[in-house]
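Chains: A, B, C, D, E and F, in written order; residue numbering restarts at 1 for each.
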Amino acid sequence: MSVELLPPLLVVVPLIGAAVLLALRGHVRLQQPVSILVSTAQLVLAVLLLAEVYDGGVVRTLVGAWPAGIGISLVGDPLAAILVVVASITLLAVLVFALGQLDDAEEKRYFHPLYQILSAGIALAFLTGDLFNLFVSFEITLAASYVLLLLATGRRIIRPGITYVVINLLGSTLLLLAIAFIYAATGTVDMAVLSERVGDLPPYLSTALRLLLVVVFGTKAAVFPLFNWLPDSYPTAPTAITAVFAGLLTKIGVYALIRTQAQVFGMAGDGADGLLLWVAGLTMIVGVLGALAQDDMKRILSFHIISQVGFMIMGLALFSIAGLAGAVLYMVHHIPTKTALFLVVGLVTKRHGTTSLKKVDGLISSAPVVAGLFAVFALSLSGLPPFSGFVAKLGLVQAGLADGQGWIVGASLVASLLTMVSMTKVWNGMFLGAPTPEPEPPLPRDGLALMTTATVGVLAVTLAVSVAAGPLNDMATVAAEHLMVPTGQTLDGEVAGR
Amino acid sequence: MIIEAVLAGVLIAVGVAQLLQRTLTRIVIGVALIGQGANLVLLVAGGPPAAPPLVGAEGPISDPLPQALALTAIVITFAMLGFLLALAWRAAKLTGEDRVEDDIEDRRVAHAREKGSTESRPQLPRVGTTPKDDR
Amino acid sequence: MMRRGALVILLAGMWVALWGDLALGTVVAGLLAGLLVVATVPVPASDRQLTIRPVAALAFVATFAGMLIASTWSVVRLVLSSRAGDAHGVLIAYEIAPEAYAVRTLIAHSVSLTPGTLTVDVQPDGRTLQVHVMDADAVPAARRSISALESRAARAFAPTLPPSDRPSDTEVA
Amino acid sequence: MIWFFVTLLTAHVIGAVLTAVLGTRLPRLAVAAATIPHVVSIALLASKAPQVLDGERLTASVPWAPGLDLTLSFQLDGLALMMGLLVAVAGILVVLFAAGYTGRSGKMGPMLGGLVAFAGAMQMLVVADDLLTLFLGWELTSIASFGLIGQTHHVTAARDAARQALLVTGTGGLALLAGLVLIGQATDTWTLSALADTGVPGGAAVEAGVLLVVIGAATKSAQFPFSTWLPGAMAAPTPVSAYLHSATMVKAGVFLLLRMSPVLGDTQTWTPLVVSVGCVTLLTAGWRALQADDAKQLLAWSTVSQLGLLITAIGVGGEEVLLGVLALVVAHALAKAGLFMVVGAADVITGTRDVRRLTGVWRRFPSLGIGVVACGASLSGIPLLAGFVAKEAVLEGLLHEGTLGTWMAVAVAAGSALTVAYTLRLIRAGLGPVDPQPSRRAVDPVRVRLLAWPGAALGVLSLAVGLAPGVQDGVVGTALASISEVSETPHLYIWHGFTVALGLSTLAIGGGFLVIRLLGTGHAPRLWPTPPEGTFTDGVHLLGDLARRMSRITQSGSLPIYLATMLAVLIVLPGVPLVAAAVIEGSVPGSVVRPGDVLLALAIAAAAVVTARTERRFAAIMSLGAVGFGIALVFVRWGAPDLALTQMVVETLGLLLFVLALRDLPRRFGPDPALLSPALRWILAAGVGSLVTTFTLVASAARTATPPSAQLAALAEPDGGGKNIVNVILTDIRALDTLGEITVLLVAAIGIAVMVTTGRDTGPSLPVEEVVDSDAPADPTTTGVMEETR
Amino acid sequence: MELTPFDVVTGVALLIQTIAAGLCVAKIASSRQLATRIVALDLLLAIILGGVAIISARTGVTAYLDVLVVGALVTFIGSVVASRLLDTEETA
Amino acid sequence: MNEIVAAGLILLGSLLALVAAVGLFRLPEVFGRMHAATKPAVLGLLLLLGGVALELDEWSATARIVLAGGLQLFTAPVAMHVVGRAVGRVVPVRHEDTLRH
């Protein structure tokens, strides 16, 4: 099989899967193995792609064989490949978890097709080399996520969904505007061609364009001060869905920021990077302070997402290879870990039907496995050794200090301290103390074993991220080096494989 | 060109003004208007007006790419708008009106501040008394 | 069968018109498409109650066109006159004689384009029209003009001519 | 060699898991499982001791993430040997004590398991040879300590104390990380042994690193101004306090400074910073100890004060001083652990820790008495005990270190006087007449023995070491060699002769007695305003308040405000450079303005404004339709028939959806309870609108490259097989976009279906509204409906 | 490009159309009655279709006539369905 | 010549559209307005289309114009009819009571 088929297959396979699943919507029992199969296939394809490019190669597929700059190109470079692999793993794990969690027949019917469409959208977002196609992939992802978000709650609670939909719709429209401006100024929407042409633009215009993209992708990524919609909408979805959102959706925004800011616009030295650094710092601190104020586990974790997005932006804003590598490594760590924490929330919900710190106590006695899982993920997310979060944080700290940006390193350390404090709030409030009796009548337990298995699976992944930090960091560095070279220069290479 | 740019600006401005209200219908209209404005900008981005992009047209043709992009965008915006309207319909069914209310949990957390600062601080252990339930 | 053939040709004509290209391929495709539509879509029952008498049909079209111009002129006059603000019409009921559904539909339709009248509603029995008449004083004239249209339509298209409606009473309003 | 370290650490991991698992069911086995790792440690260390004592440094390393300078490097040198033995020996005693403390309750498993895990972390810390490995062990001790302090998790105070402790030590840990990375980057050397050889360059980065490292050490060792978490952590069970808060964890700070002193001792910041932190702590904490009535609080403040003493001495530095410091580390660990155990035992037996109510306990239980007297004497530096020997060595050394040393010697003496005073207070309390009332609890005599003898043993050990200080020479001397240049074989003496140091010691002891005589039985007055107990609990709550206050601003929960924020950012960020450009360049493309365009635009704009201004829902919707159709016309004028076509279809369908969705709603909008005033809304609107216009024009004017339309026209027919280039683009060139578009449509359709079809009965259905506005006059006497006449 | 008389006349026609369209918009905005608004919208659509036809004549581009046909169709469907939907007695 | 006729037709059609729009304002009730929106509007559009067809003078264009014009001729009254029906259902209408037959 030609490697150039890998990027399109990564998108098309889940889409075909979605079509099949939609046809099977009356047969939930049949849907489950098909859905698992599709996600596994995606994972295998992703791994094949990564194997092809991890040491610096690029697989560039010109869809329909139209010349670059005219047609759409899919670019499997190291960054995209790494993220697609991590995303596929996470998606598969959450899918298994969801099999145990969903109980409403209506949810089940449409869950699988939508989930696969979401997978396809995420893969496309990571792989596309075309700005407008990126917009389309955003829309696919968002549309699927809107519906997933409202699938379970939508018939009862509308408001959070409306916040989510309206904000993101506005964001998408602004992206469309940005694409229009970019096309007006450069006559292309291909990122590789664009990266060659931005240099010809008057500096004020390229600055304005890149800042516009910061606003657009910043909204998707939930950076300060554009984050407020996230904690209002994420926690309302069923946990499995929140888990995917938390792990992956904001990451797409971050990814797009990295892609456009680092690769397309590069270091212009126009103050945009300094601005991003401030954004990063504020995002970290404000996000985690928001978490401290909450007393619901799901909301605390949702605020954490914001804070941790700040870390990734910090890596980007340093605009150095080490910084970008740190950001990539942080994403690799954060996607499974954050997802896993929400899966733990799902385990708690399955037992107690609530995630309020005030209503649940003593899980350490009544559910030690859940407590253990939470402890590991929480420590990892707080950046404590020896877990993956520490390695990721270390990368960023190293990069920041090497750049002489002491204050942002300080801010990141304060943020991780506060993360830890807010995690202890969850720990103290929910896991310690006298166990809360389970509700009467007890909630149905079926599927709990499957859910726990899925969560343990993600645990294995995060531990693997930590153990394999060395090779992963090397890969992230390769990806970062690739990012620092404007895509245009890799165009001529037309590298397939190595 | 200037005219269309200004028109797009006006459409988006009017859209924004409506987006910032609480009535859901207004918000949806706002989103729709902003979308129209964006499509217009996309069209303008292709350069000045010219003959339709058909093979064999006489004279210069207008840039077909932005048109294709705008076409895709129009349909996507329409799909999203349809979904938003379904939401609005459901909201109207549930609440009987189309207001977007504030987030309850945010309100509660904000409200907890006043109370929290005076009431919820726990009492500290007094010197010399061992909590006896620790073993 | 004849009518079906005509329908296929009509559809093919529309197809060709839409493609804007009188090539052989287009015509064949149009015919195929027309056949497909006719074969798959059940032909309404009314189809069988319709006969076309070419000369009478032309007369109807001519009458109709004349009435359209006349009615336009009257509306233009009304709008531009000073009486526009007082123009409150009345609703009248009008019972259509012909039995054929298609013809009744045609009449109800045409009434809207004839001077001073506008079909507002059809009673559930399918034959009583509610017609809005612009000029309250001109109700009898309006009735006459509807009646004239009705008889012309019937002569042009109705499968059987109603006995009460012999060609003798055909004055045009 | 690597297997040495692997065994050392995994023994603890396995031990911890085993203990925790066995704890509830088989307490005896759990105690054994908790002891084994310590025994293994001692055996391992002992096996390598000869080599180490010969001056060898045993190292091993495993790369982890070389790109991040992250390597697991270990070393076994004198200091590591000494600390490792201390941790293991104290560990065994604490495990046994803990067995008595918890009795047969099921709480034993988690606690013992936690203690073993903590010991493992501590061992890792002491054998670390890499800056980041050191940090790894450091943080692991923090985590383990959080678990151990929060052990009594049914008590809110304990949970809060655990959080405080973590907050403070966590802060320190992160400061340490930053400091270590700064130092590592400045030198490009990450192993401690190599750093000790090369030293560090000067410069701001390194000095900042020193500051951060000292902050880290100060938090861990509860130094000024981070002291208060330690007394708070006394909410932990006493075995935990005895282990963490006397012998091991708090010593981590001291250990760090000892480890770093050869590396950083020559920097400008080091001495002033370390000495002042230590000295202030020494004196203030000593006085605070005198104020405490709770025996554990007293011991906690005493620990803080003693650690201050050690740190002061480390700051001054010098071979002799460091020798004393090392000896004092050992002596203090023995004595303080013993005291905690004794107090804990008394607590279990009598049910109180208040020194005023402990009357007669030492008499009733002589084994406790032995422990408290011996350990207390050692702590106070009474001759013949280990503490005296060590403190003499420190004083002696200080007096040889110039002016600073002399002054510090005086300070140490003053601190010692306070030590004597509060120790006396503790001892005297239990020596009073036996409380006539029988103990409230009947305590199993076996358990009493288990509780009492570890303390007594430590007391006896203190005495033994004090009588024969030479036994330490080997270990302490090697330890000294690993952190300092050693000129001659170091030796600890019980008798230095009639020296100034001895005089100072005597004065200190006398002063202590004097103070206690002046105070009587009560506690010392406050000399300065001290924050109330539990300051850091307040700290956590203050943080919570700050967080709530902030999130009340940022997290209003109100969609309009979120949108307004977003748009404001949009106006400011890209707007600023653009406006600046427009002012500077003044470049806006000129193009032919066709009058028809102007009229059309005016009509569309008018329709748009109507959507915003009208009060009637359907008027707004239809005006929206008008806008859409108008734009279709614009598309036609622009040369985009396909767009116009699509726009017409979509607009019509959209109109239908609107009507379908909203027809049950009231015909009029009614007042909008918007948070944003109309003025603000329109200002934002105008801002965004003019941004878009300006952006469009500026971007269009800047067009440099030719768009690919020419190529497209050439390519479309042969390759794409179509005349309409837009169609070729949609179906072929950008088929991926079209695929996505269809997907979005499909998803939206599913969403609409789900929203509309299911759960019809979940909400109240609406009363059907009339089609005609309720306020429109419907005159029944005329046909038709009257239009308003106003 | 100089203006032919045809251009001038059709330009005037477009102007007239625009004015008529503006009046329709005004009526949509000002009317209190839903039916009137539908009528006005319907008229507006007819006017816009006329505009498309004029532009087609002026530019000589017949591609726009597709817009015309489709427009005539969908606007009709739109008007009818909208009216039917608003006919709440029917559906309630 | 052709062009002059075409221009005339287009102009006339536009004027009729304008009259229809004016009628919306001048006529006091909805049925009257429906008269305005059908008759002049339809005739106007037909005239206009006729003019356009003349000007383009092309077979395929004429075919499509005829199609569009026919559609308009057919649909405009139906649309009005439906609107009128909606109004009639809601508003009490007084009938003139004379019935034929």
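In this text, contacts are C-beta pairs under 8 Å (C-beta built on N, C-alpha and C of every residue); 3 or more make two chains touch, one makes a residue touch a chain.
Worth saying up front: this structure is predicted, and the values here are computed from it rather than measured.
Chemist: Can you list every chain in contact with both chain A and chain B?
Modeler: Where chain A and chain B share a partner, that partner set is D.
Chemist: Pick out whichever of the two, A-D or B-D, is joined by more C-beta pairs in contact.
Modeler: B-D
Chemist: Find the chain most remote from chain E, comparing centres computed as mean CA coordinates.
Modeler: D
Chemist: Going by CA means, which chain is nearest the middle of everything shown?
Modeler: Central chain: A.
Chemist: Once you find the CA centre of chain B and the CA centre of chain E, what distance in Å lies between them?
Modeler: Those two chain centres are 30 Å apart.
Chemist: When the C-alpha atoms of chain A and chain C are each averaged to a single point, how far apart are the two points in Å?
Modeler: 63
Chemist: Taking each chain's centre as the mean position of its Cα atoms, how many Å separate chain A from chain E?
Modeler: Result: the chain centres lie 47 Å from each other.
Chemist: Just give me the whole-number Å value for how far the CA centre of chain C lies from that of chain E.
Modeler: 24
Chemist: Which residues belonging to chain C are in contact with no fewer than two other chains?
Modeler: 18, 20, 88-91, 132, in rising order.
Chemist: Specify, in ascending order, the residues of chain F that touch 2 or more different other chains.
Modeler: Residues 20, 22, 28-32, 34, 36, 42, 44, 60-61, 64, 67, 76, 78, 80, 84-87, 90, 93-94 of chain F each touch two or more of the other chains.
Chemist: Specify, in ascending order, the residues of chain A that touch 2 or more different other chains.
Modeler: Each of 132, 136, 139, 143, 146-147, 150, 154-156, 162-163, 166, 170, 177, 180-181, 183-184, 231-232, 293-294 in chain A touches at least two other chains.
Chemist: Looking at the complex, which residues from chain B come into contact with chain D?
Modeler: Result: residues 1-23, 25-29, 32-33, 36-37, 39-41, 43-56, 61-65, 67-72, 74-76, 78-83, 85-90, 92-100, 102-107, 109-110, 112-113, 116-117, 121-122, 124-125, 127-135 of chain B touch chain D.
Chemist: Touching residues of chain F toward chain C in the complex: what are they?
Modeler: Within the complex, chain F contacts chain C at residues 16, 19-20, 22-23, 26-29, 31-32, 34-36, 38-40, 42-44, 59-61, 63-64, 66-67, 74, 76-78, 80-81, 84-85, 87-88, 93-96, 98-101.
Chemist: In the complex, go through chain C and note every residue touching chain F.
Modeler: Listed in rising order, the residues of chain C that touch chain F are 13-14, 16-22, 68-69, 71-72, 75-76, 78-80, 84-95, 108-110, 112-113, 116, 118-121, 130, 132, 134, 139, 143.
Chemist: Which residues, counting only chain E, touch chain D once they are in their complex?
Modeler: Contacts found on chain E: 11, 14-15, 18-19, 21-22, 24-26, 28-29, 31-38, 40-41, 44-45, 48, 51-52, 55-56, 59, 61, 63-64, 66-67, 70-71, 74-75, 77-78, 81-82, 85-88, 92.
Chemist: Tell me, which parts of chain A touch chain B in their complex?
Modeler: Residue positions touching the partner: 132, 135-136, 139, 143, 146-147, 150, 154-156, 158-163, 165-166, 169-170, 172-173, 176-177, 179-181, 183-184, 189, 231-232, 235, 293-296, 299.
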